[in-house]
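Each of the next two complexes has subunit A plus one other chain: subunit B in the first, subunit C in the second.
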Partner chain A sequence: MPAKKKSKSPLGIKTPRVDGPLKVSGLAQYASDFHFPGTLYAVPVEATIANGRLAKLDTAAAEKMPGVRAVFHRQNIGKIFRAVKGEGMEGIIDERRPPFDDDVIRYYGQYIALAVADTFETAKAAAGVVRATYRQKKPNVATDLQADDDPAKVNTSFGPMARLESERGNAKSAFTKAAVKIDHTYVTPLVTHNPIELQGATAMWDGDRVTIYEESQGIFNMRSVLAQMFGLPKENVRIITKFVGSGFGSKLWPWTHCILAVAAARELGAPVKLVISRKMMFQTVGHRPRTQQRVRLGATKTGKLVSLQHDYVYSKSILDDYQEDCGEATAFHYSVPNLRVEFGRAKRHTGSPTPMRGPGAVPGFYATESALNELAAALELDPVKLRILNEPKKDESLDQPFSSRHLLKCFAVGAKRFGWAKRKPAVGAMKRDGLVLGWGMAGCAWTAGRFPAEVNLRLRDDGTVRVACGTQDIGTGTYTILAQLAAEKTGVPLDKVEVALGDTSLPEGPVSGGSMVTGSLIPAVYSAAEKMCEALFKIAVNTPGSPFEKQKPDQLSFSDGRVFAKKGGPAKGVPFRDLLSRANVHYVAGSGKAGGTSSEENPKVSMNSYGCHFVEVTWQPAIAQLRVSRVVTVIDAGRIINPLAGRNQIEGAVVMGIGMALLEETEYDPRNGAPINSNLADYMVAVNADVPPIDVTFLDYPDKAVNELGARGIGEIGLAGIAAAITDATYHATGVRVRELPIKIEDLLTSSILR
Partner chain B sequence: MKAFQLTRASDSAYAIAAAAKATTAQQGAEIRFIAGGTTLLDLMKLNVEQPETLIDISRLPFDQIDESADGGLTIGSNVRNSDLAHHSAVKRDYAVLSEALLSGASAQLRNMATTAGNLLQRTRCMYFRATDMACNKRDPGSGCAAIDGANRSLAILGTSRHCIATNPSDMNVALAALEATIHLRGTSGERSVPIGDFHLLPGNTPERETVLKPGDLITHVTLPPPPKGSRSLYLKLRDRASYEFALASAAIVITVAKGKVTHARIALGGVGTKPWRSTEAEATLEGQLATEETFRKAAEGALRDAKPQSQNGFKVELAKRCLIHALMLATQPPKE
Partner chain C sequence: MSDSRESKDGVEMMPVTLRVNGRNFDVQIDSRTSLLDCLRETLQLTGSKKGCDHGQCGACTVHINGRRVNSCLCLAARHEGDEITTIEGLGQPEDLHPMQTAFVACDAYQCGYCTSGQIMSAVALLKEPCGADDASVKELMSGNICRCGAYPNIVEAIQSVRPKNGGKKK
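Let's look at the complex of A and B:
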């Protein structure tokens, strides 16, 4: 039988989600969809103060309710240890204090008790009648931020960090002498992730082993935290996360509700399910902190930057050491001889912040790109030209070349697709259909890299393939990417590839964070494929009657699902299923490991993704209505493995950016410290009707420094810069320069553009 | 959420007799009618409403829309918001009502919510829903946390020092401009209440929102025939393009002849503690030239008594622009 022509590579092809049919038919099982006989339901009791002490807890009425199994609190929850940060992705938890560890209340909604009952309704009713008495102190949820930690070095979630983040030249003196100066403070509000899937855990013990179904973005870190907190060897803890209804970072690290579910299940000897409410999603599972960023730019009269100072303060909880690195990209993104990036933190009576899509860089780029736009206006220079003028030839902070940087090409492509050449820079100068138009733009970047990953790849005697990795698909398309990679390496069509992920019993995979999953998986899949081929060739040469019986493994090759002798060429290849059947072997497997980039000593290049947004807003002065009407986004993220899922990521980020610029803000009531708009009617995110046409282009320059295929991450970069482009477009339309997000109607009512 | 008993009413007499046993038909009612449940269930889950008994009236035969002989319209209390919005007579004669309904909530909610339920829609004041904070509407005498709190979305007209909660309904604003009449059946027979008298100002008793007494069942709403030659429309302003309560809205029914306003009915939403009919604006408009200048005077009149709070001062200007723009749109020459 002649071999078929080699099929087209599945990489770079628009590939619909392989898990799509499961999701649209309701067959995909999310964490809270798992039900077990005898499951009990738990509902936490929330503190209704944000600062003080719990003086008394009256659980009598709750305990008497029919169907209530227990009301847990500090006295009866049992031993819970404190987890410590280990190497790499081990032991990371943003709220490190174990739940119920003391009587101190440090934020509104902190769990003080847990009602467990036969039904969810009973548990909720029981939680509702637990009475707490407090010794209350005034909470500090003030929005004006002053750094309150003095030492030059502070602890963060990832280790100690100098508060002087980056410095070169003499930024202060260069600023003083600069011909043109910009000095403004930009504020981003505290915002909440709000994935649609609520967080929750179902915990089930079997002796000294525990299995937890939880929607985690990092199951192996969660395993290490829970193993520590419950005094178990890691292998006794299993985390299962088959599907995640988005996370945006809020599900990266474990939270207190998960620990309470495990503890309650341990005490009661039954499976316990605890799914938190939307209100609790605003209180106990993280948020993006408020940031206040002063940006000082000094430039020559022709627009060359001579000094950049970026000083930022962000809010954090009372106890925890969260890091929001707004300066992550500042030091490498622009060419400037004198630079200083400094930060500080302000403690507030809120739950701990946690990474939210594009942590650090998203608020950071809002500030620096806004300042650049203001400099362009002051110089009466096109903002694109200003950026071209200050494009660095290398990473000036690391003094290293960039692995692959095509930001100028992004600007060129974006400007052309948008029609930027027709821009009239004067405020209110552009009109269409009775509406005033505003045009704005901004650039962006996001650090690229890899986490360690291990992948197992199997060829089976029925001609199918299984690829397995203990990573997660948080809705971004990891199932599909793994299927594409496995199909590429085995020649088996996508519908014959089974993907297993989301289980700590699988080989250890990367956290779904930092936009690094795809990039991390590629070398692991490639290495697994090599090992798998070695195993397959051994069978091919050792099986009696095999056409390759007399040959040596290194004389064989594998492609398009067929083994063939290198000499004879693929035309005489034999399908792997024939070889496996003949040998009576169910499958051959290979496991491949790839290291992370952070462990690579002396990296020689600076690896990042880049991009830009061009935005049009419409302004209707008669009714003070501003809407985003058009977005053009160009992204340079290396090779794109699945352009369909890739575009979806950028579009989603742009929509989130519209929310960031115009709508989203978690408001804390200063009297009791409660996030007062803790529901999806009062906390506004962009809805479908707010979404304009979004034109996404990927440049597709492979970056081989990152991995074999040259693919970098795309999950976060789309949200960086978009808010600065929208605020600049808003200024162009209305003449109102808003430096505190979100832009509100009340800001725009001051516009002098009335027609 | 507290456990409750659910009974299904087979006829209105049963429903009325059963509900008449409650001590109040206002906040704190022990017995509540339920139809669409889009407000009530939400509030029960938050423990803001804790009825012991729910009487399901969704199967009572009040689900018809009838055109009356005089050219008016009779709308059954159980008519779903989406059915009402898409009804041909409503779209033809009462565009303001259709537009108001379609600007509210989401398609899913409109498919469940009923006419009477929308009339009785409760405020979205965040403190009304936060049971650990003071609210005179939810817990009379406890105070008003909104006056010194997050009040951006709250009312500037008809407020008292006890309550500044906004009536959130879009439909009610249209009904106010349409001079609807609410028809009730109670223990002492049937009666009808003009929409303007149906909702109460908060005053000292913000827990009392309507004239309803225990056992009162809304059976239908009637609309008078549209004034000859009139046009009507609803304009709603908000932060995002959909699925948000009004920051300011305007319902207009207006007739212009020979360049002059001969008849005007004006109601504002998003700014009042009840659906805000502005007779001041109407008086300013009637008999005057239909010009932007006249409309501006009408808007000034409508907002003259506005009492802004710490965060919602912008609503004064926004409501004016909303009304002026709505009047401009309603008096433009018809599109070919």
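Let's look at the complex of A and C:
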């Protein structure tokens, strides 16, 4: 019998999501979709001042309300410990103060009490009648950021960091002597992640064990934090998060509502469900801080950079030390002999910021790429040519080669697809159908690497496969990636692969952050497959009657779902299910671990992804209307495992970038410190009608430094650079340089083309 | 019969009969209960999602008598006698509505949280006066926010299902 033709690899093929049928039929269960008998509903009470002290809390009316089980506050919530940062991804929480820990109010919306009742309606009504009296002080939510008087080294969520982030040569004197200078300050507003899924937790205790259903981008870190805060061994805490209604960073680390749900469930001995409101999503679950970034570029008359200074200040909460690393990519992305990157911080009476999609690099690239575009205009040089002139041959900050950098190819492909050669650089020089066209471009990068990951792979006697890892799918397609990898290693078709994730009872997986899940899982799956094969070969040689009986395990091989003798070749192979059935073994398993790149003591290469955006806007002077009409994006992110979901992610990032450039800003009322547009009608995000055709190309150069398949990450890079491309296109169309996002109609009313 | 629960301590609950996905449900609910909360918490039909509770995001979209409605803006008790359809009633994995199939094929989602609402809006759109071009579809789908930004694929999925368009491909 001829050997079955080897099936096509599932990798690199446009693959509809394996969890798709569940998502389109309403069966995919997100954290708040689980029901348990006797569940009580909790609604927090929010502080209505942003700075001061809680003087008095009157809970009597709420407690008397029929159906109310308890109103919790500082005096009756019970013991909640403080979590400390541990090794690696352990103990990370951006608002470290336990909820209700003191009577000081440091931001509007800080939880001061929690009403728990039999129904959501009653809990909400009860929370509404809790009366708080405050000793109020004026809050500081000022948008002009002057750096606080901080020491040279400051604490951050990930440990101490020098504020002078990177330095080489003498940037100041090189700038002074430079023939051409650019010196501008770029501002990005405080913006809120706003995943459509509201954050929430359902917590239930069983003795000294607690189970929490919560939508988390990092269940193992959440477990370590909650174990510390409730004084439990880690094994006693289980987090389940089967589906996550996206996160963009806001669900990376646990927040106070989750801790309150766990505490209330402990005190009441019943499951407690606490889902926060959209308004609270603006107050207590993080945001991207406001940034104010001064970029000074010095260049020769031909456009070679001689000096780059990037000084930035970001807003932070009163107590915590989240760092927005706007300089993350500045030191490696351009070739420049003299460079200085330094940051400062400005405390404000807001909740803690937290990473938001492309933290640091997204506001950072808006500033540096905008400055580059302004330099190109000053030099009357094409902005693509300026970037080619300053393309580094190596990572000059680390003095290391790049593992795989094809940024110039991105520019070439993008320019061609966009038709950039037809650009007429003068402001207002291009028109179509009565509209003024503006063209702009920018480059981008995002760090690459791996987190530690462990994966368990099983072959089962019914011919199916199970792959398990305690990571999360936040909409990024991790269920499908794991299925594809398992199918690749076992030869079993995708519909016979079961994927288990989102549960701390599974092997420890990476956080869904940093665009690193896929890259981290690949070596773990491959290692698990090796272990699994070893176990399978042992069964093959030890089972009486097996065609491989008495052979040695190392004489066997496994591919396309069949075990075969290396000498005999796959043609004489035996399906694994036959071997398992003959041995009366239900499944054979292998676990594989792979380390993270941050633990590599001497990484020899600089690993990043790269890309660029070309943007067209249309400007209708008669009604001062600016629209993004076309985007071409090219991404060099290594090998793409699922181009269908991959393209979608980049398009989604561009959509968010349109919001960043034109729509999004959380505005605080200076009188009471409240985010005043804390709803989805007043905080505008891009909707379907805002989105133009988006043309995405992946270069698909494998980067073997990251993993054996050469896959880096794609979740965040698409949002970097896009705002700079849009503001440059806006300048080209209107003659207005907007250096503070988002672009507002008021800014554009100064356009000379209106007249 | 659903597993509705009467609260202790004299909370007044009212009996309501709702017709959802072709079945009658007799429930005891608080008069303040929104249709969305009733579907999710009382009937445990959690396919309809809460994203804002203000009628701003569209994640809770259901059909009432064939028209799309934000169920978070409806009081459940006011919908006795109405024919309510949720995503669960549209199609299940073994028997998907063509719009559900198109959403899978076109990858018209990422996290999937807004998807029920997108699909319920998209199915209602098929019977609404909507121009044949993509711009018309985008306009009529702009009440459903997808923060993941899968809009191009949502438009593609809808256009592939619309009969007058002859199954237009991108």
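Following the convention adopted for this analysis, the second predicted complex is superposed on the first by the 750 of 755 C-alpha atoms of A that agree within 3 Å, B and C clash if a C-alpha of one lies under 4 Å from a C-alpha of the other, contacts with A are read in each partner's own complex, and residues count from 1 in each chain.
Keep this in mind: a contact is a pair of C-beta atoms (placed from the backbone, for glycine too) under 8 Å apart; a residue touches a chain by one contact, two chains touch by 3 or more.
Please read these numbers as outputs of a predicted model, since none were measured by experiment.
Q: Should A:Ala681 be classified as contacting the first partner (subunit B), the second (subunit C), both, or neither?
A: Both: A:Ala681 reaches subunit B and subunit C.
Q: Which partner chains sit in contact with A:Ile196 here, subunit B, subunit C, both or neither? Use first/second/both/neither.
A: second
Q: So, A:Val24: does it touch subunit B (first), subunit C (second), both, or neither?
A: second
Q: Output check: A:Ser9 vs subunit B and subunit C. Expected answer is one of first, second, both, neither. What do you get?
A: After superposition on chain A, A:Ser9 lies in contact with neither partner.
Q: Tell me the contact category for A:Ala689 with respect to subunit B and subunit C: first, second, both or neither.
A: Both partners.
Q: Tell me which touches more residues of subunit A here: subunit C or subunit B.
A: C
Q: Answer with first, second, both or neither: which of subunit B and subunit C does A:Ile745 touch in the superposed model?
A: first
Q: If you stack the two complexes on chain A, which partner ends up touching A:Phe248: first (subunit B), second (subunit C), both, or neither?
A: In the superposed model, A:Phe248 contacts subunit C only, not subunit B.
Q: State whether A:Thr133 touches subunit B only (first), subunit C only (second), both chains, or neither.
A: It touches nothing on subunit B or subunit C.
Q: Let me test your reading of the model: by the given contact rule, A:Gly67 touches which partner, first (subunit B), second (subunit C), both or neither?
A: After superposition on chain A, A:Gly67 lies in contact with subunit C alone.
Q: Take the contacts of subunit A with subunit B and those with subunit C, and give the residues found in both.
A: Residues 121, 125, 679, 681, 686-690 of subunit A touch both subunit B and subunit C.
Q: With touch defined as at the start, can you tell me which subunit A residues reach subunit B in the complex?
A: For subunit A paired with subunit B, touching residues are 48, 121, 124-125, 128, 622-625, 627, 662-663, 667, 669, 671-672, 674, 676-677, 679, 681-682, 684, 686-690, 744-746, 749.
Q: Touching residues of subunit A toward subunit C in the complex: what are they?
A: Per the touch definition, subunit A meets subunit C at residues 16-17, 19-30, 32-33, 35, 66-67, 117-122, 125, 194-198, 243-246, 248, 275, 277-278, 474-477, 644-645, 648-649, 651-656, 679-681, 685-691, 693-694.
Q: Quick check on the complex: what are the subunit C residues that touch subunit A?
A: Checking each residue of subunit C against subunit A gives 5, 7-11, 30, 32-33, 37, 40-41, 44-54, 56-57, 59, 86-88, 90-93, 96, 100-101, 103-105, 107, 109-116, 119, 135, 137-139, 141-155.
Q: Quick one: in the complex, what on subunit B touches subunit A?
A: Listed in rising order, the residues are 1-3, 47, 124, 126-127, 129-130, 132-133, 145, 148-150, 235, 237, 239-245, 247, 313-314, 317-318, 321-322, 324-325, 328.
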